[in-house]
Amino acid sequence: MDLSIFLIQVLNSVQYGLLLFLVASGLTLIFGIMGVINLAHGSFYMLGAYAAFTLSSLTGNLFSAIAIGIVLAVVFGYLLEWIFFNFLYQRDHLQQVLLTYGLILVFEDLRSIVVGDDVHGVPVPAALSASIPLGSTMSYPVYNLFISAACLVVAVLLFVLLRRTRLGMMIRAGASNREMVRSLGIDIHLLFRVVFAIGVALAAFAGMVSAPASSVYPGMGNQVLIICFVVVVIGGIGSVPGALVAALLVGFIDTFGKVFLPDYSGMLVYLLMAVILIWRPEGLFRESAV
Amino acid sequence: MAETMLAASDLTRRFGGLTAVDRVSIGLERDAIHALIGPNGAGKSTLINLLAGELQPSAGSISFRGEPVPAGRPERMAHLGIGRTFQRSNVFPEFTSFENCRLAAQARTPRPWAVFEPALKCRQCNEAAERSLATVGLDARRGVLASALSHGERRALEIAMCLAADPCVLLLDEPLAGMGTEESQRVLQLLRELRRERAILLVEHDMDAVFAVADVITVMADGAVLASGPPDAVRGDSAVRQAYLGEAL
Amino acid sequence: MSAARRALPLIALAALAVLPALAGKFYVELVAKIMIMAVFAMSLDLLVGVTGLVSLGHAAFFGLASYVPVLAAPDKYSATSLWTSLPLAVAASALLALAIGSLALRTRGVYFIMVTLAFSQMVYFVFHDTKIAGGSDGTYLYVKPVASIGSWTPLDLGNATHFYYAMLALLVLTFAVLRLLLASRFGHALRGIRSNEQRMRALGFNTYAYKLAAFTIAGAIAGLAGYFAAVQFGFVNPEMVSWHQSANVLLMVILGGLGNLFGAIVGAFALVLAQDFFSSLTKHWLVLMGGFVILVVMLLPGGLVGVERAWLHWRRRRG
């Protein structure tokens, strides 16, 4: 394989992996801290992408669209937790699965009513529309590098939040022992709301930032969701480092799989999961290694 | 010479940096009640979980009637005839007391997975359930859902379920906790009767009960065995007095 | 249980038995389809309601079997024999369930849910990405399987009335077999596992083996349903294996009420009829469906059948 082609695939793998990480980290935190399995998480990614489309058409500028989008996502997440997810904590997993599945249907149709079912493209900002040459014949879009860079920055910010701030400490404590946090007098409801809002914002951001590079289409949330489930299972529920490792692993296997085994690439990720399960049924990083 | 039914040798269990059970050797003999006492956090429940197969030891071994036993498989231990009760009542809340015991008895039938015979008709299971409920005095409450039982009744149900499987070794984790005086006395009398043909390990905090009924006492503190022997010897052991019993005696 | 309540299932059975004489072809086919879904739902109830295993990948077994009538035919226009292709379909589903179950059951709780979903996605991609049976486009079943023994053809699967009664028989038979299973020691052990798996192990039950057996049986029965779904519909595609199918059947089970099989049947009827109703109202019926799902799960934790069970439960608690 040509070196430049190899490099392109590596960059693609990293980009995909980092995007998955953003979405999966929210999923794993929400499950690890609140014990809620949220099937609608992929919808946040989808809503983020559609938001990027709508807002950038309105403002004419992707960056401002993303900025506004993040704020909207946080508010949306906060309200959604308050109004709806609040009720899920007492419920068993089966009910959570079905309630959040119902939510997916609601989101899909609301989006359909408001924005329609068309597939859209989001224009790449002029500043980032160049391509970097790789080797003599290949080139790589600058915007894709921007996606990876943006995700990396957010990932670093997430780690800093978790490791260096008081909020992060509470989140990590909550991931390993919900009862203890409650008895320490920390307002657990507020904590849950914040965590949920962060999770939604991460997923929406991933959707927004990747929208110009891939198309914006109705089923995109579901695709991402299931892969993220695999990422969370492989990485270990509640573990953000685990989600990072697993997401990158999945990114590489999927990207290179498409190159070498195009007919079977869809299955490879699940095969990976099966292999990991045989070896470590609780994921690579076990529970609550946040 | 009494037969050693269940024995542990240098049993150790670590949780990360904490050594919950530290090179504990203990032997449960037939026709004897072996009490295990010690302050909270001494490792008593961990030891029971190790002996019952709920936990894998970090080091050391367990043997049943002289033969080594595979670790970490509670169903294997149950099959050898080792029964246990849990510190916090661990019953089937949606089933009645009778159904709880019947399920316990079903485990010891030759084909507990039988597909063509209705479970209700299993005579062996029904009789074992009746007997065990009557033994602990719960027969009047046989039709009551386990979730509706009082705390003391649920402790009694714990014991009944253990008995319904007809074990030859009983590991009892604080069976008297939360029981009234009358109920406790009944359970102690029951233990004296059960002792025949069986080996019993009794973890308890009630010192009067322990000294009234135990043949051998092992004292644990900080995961290790502090002393072990007949009640009088333990009572007189100065290290034990200092560390645990204090002026209570 | 009052005599009236006991009579209810029999009345329903009688109604189902006479339906073809009273209703038109559309309803006969619709109810036949619902009965197939009821069998599918009962198989999932064995897992979810009885054993406590929430599987989000049950469509894998349904879908795999649905491909068998197409794949087993020597060529597009030859019919397979019912007596060979049906056992083949059920066996294939059972084997897949055994394979997936042996791995998935190494996990617990929410991991199990996610893992079953992921494995069924794997099966989905096998049919979607490869050229098997038309890939993502699917393929038609041009000729229905033939149910003849020698020269005697007891039933014609292409005849709507024959097919209806065959499905009614299937429903009744499956119900009877599952009831037998549930009343047996095996069934009681499964319920024990749902109630308190740790205690079951401490009592001496090898719970992994029991769960795997239940998973395999459930997969086989799902295969039974999938086979006939393909026969009736005349067309198979990867959507038969999609996770929407899995979520759909899970919804039926919880809508109707867990653990007593009647719930699964009631749920199948209720869900299919609800979907038909909502989709006739508006193009954007998903939002109605989603709202419906949310309302049902929140307000009726015991499902439609659960209202009565809750009352029985309360009576028992009084001693």
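Observations on the model:
Lettered A, B and C in written order, each chain numbered from 1.
Definition applied: contacts are C-beta pairs under 8 Å (C-beta built on N, C-alpha and C of every residue); 3 or more make two chains touch, one makes a residue touch a chain.
Everything quoted here is computed from the prediction, not taken from an experiment.
The minimal number of chain-to-chain contact steps leading from chain B to chain C is 1. Chain closest to the overall centre, judged by the mean of its C-alpha atoms against the mean of all protein C-alpha atoms: C. Chain centres here are Cα averages; for chain B and chain C they lie 43 Å apart. The centroid of the Cα atoms in chain A and the matching centroid in chain B are 48 Å apart.
Separating the CA-averaged centres of chain A and chain C is a span of 33 Å.
The touching residues of chain C, counted against chain B in their complex, run 180-181, 183-189, 191-192, 195-196, 198-207, 209-210, 213, 313, 316-317, 319. Of all residues in chain B, those touching chain C in their complex are 52, 54, 74-75, 78-79, 84, 86, 90-96, 103-104, 106-109, 111-120, 122, 125, 141, 143-145, 147-148, 161, 165. Per the touch definition, chain C reaches chain A in the complex via residues 48, 54, 56, 103-104, 106-107, 109-111, 113-115, 117-119, 121-122, 125-126, 128-130, 243, 247, 250-251, 254, 284-287, 289-294, 297-298, 301. Put simply, chain A touches chain C in their complex at residues 31, 37, 87, 93-95, 97-99, 101-110, 112-113, 222, 226, 229-230, 232-233, 237, 263-267, 270-271, 273-274, 277-278, 281-283.
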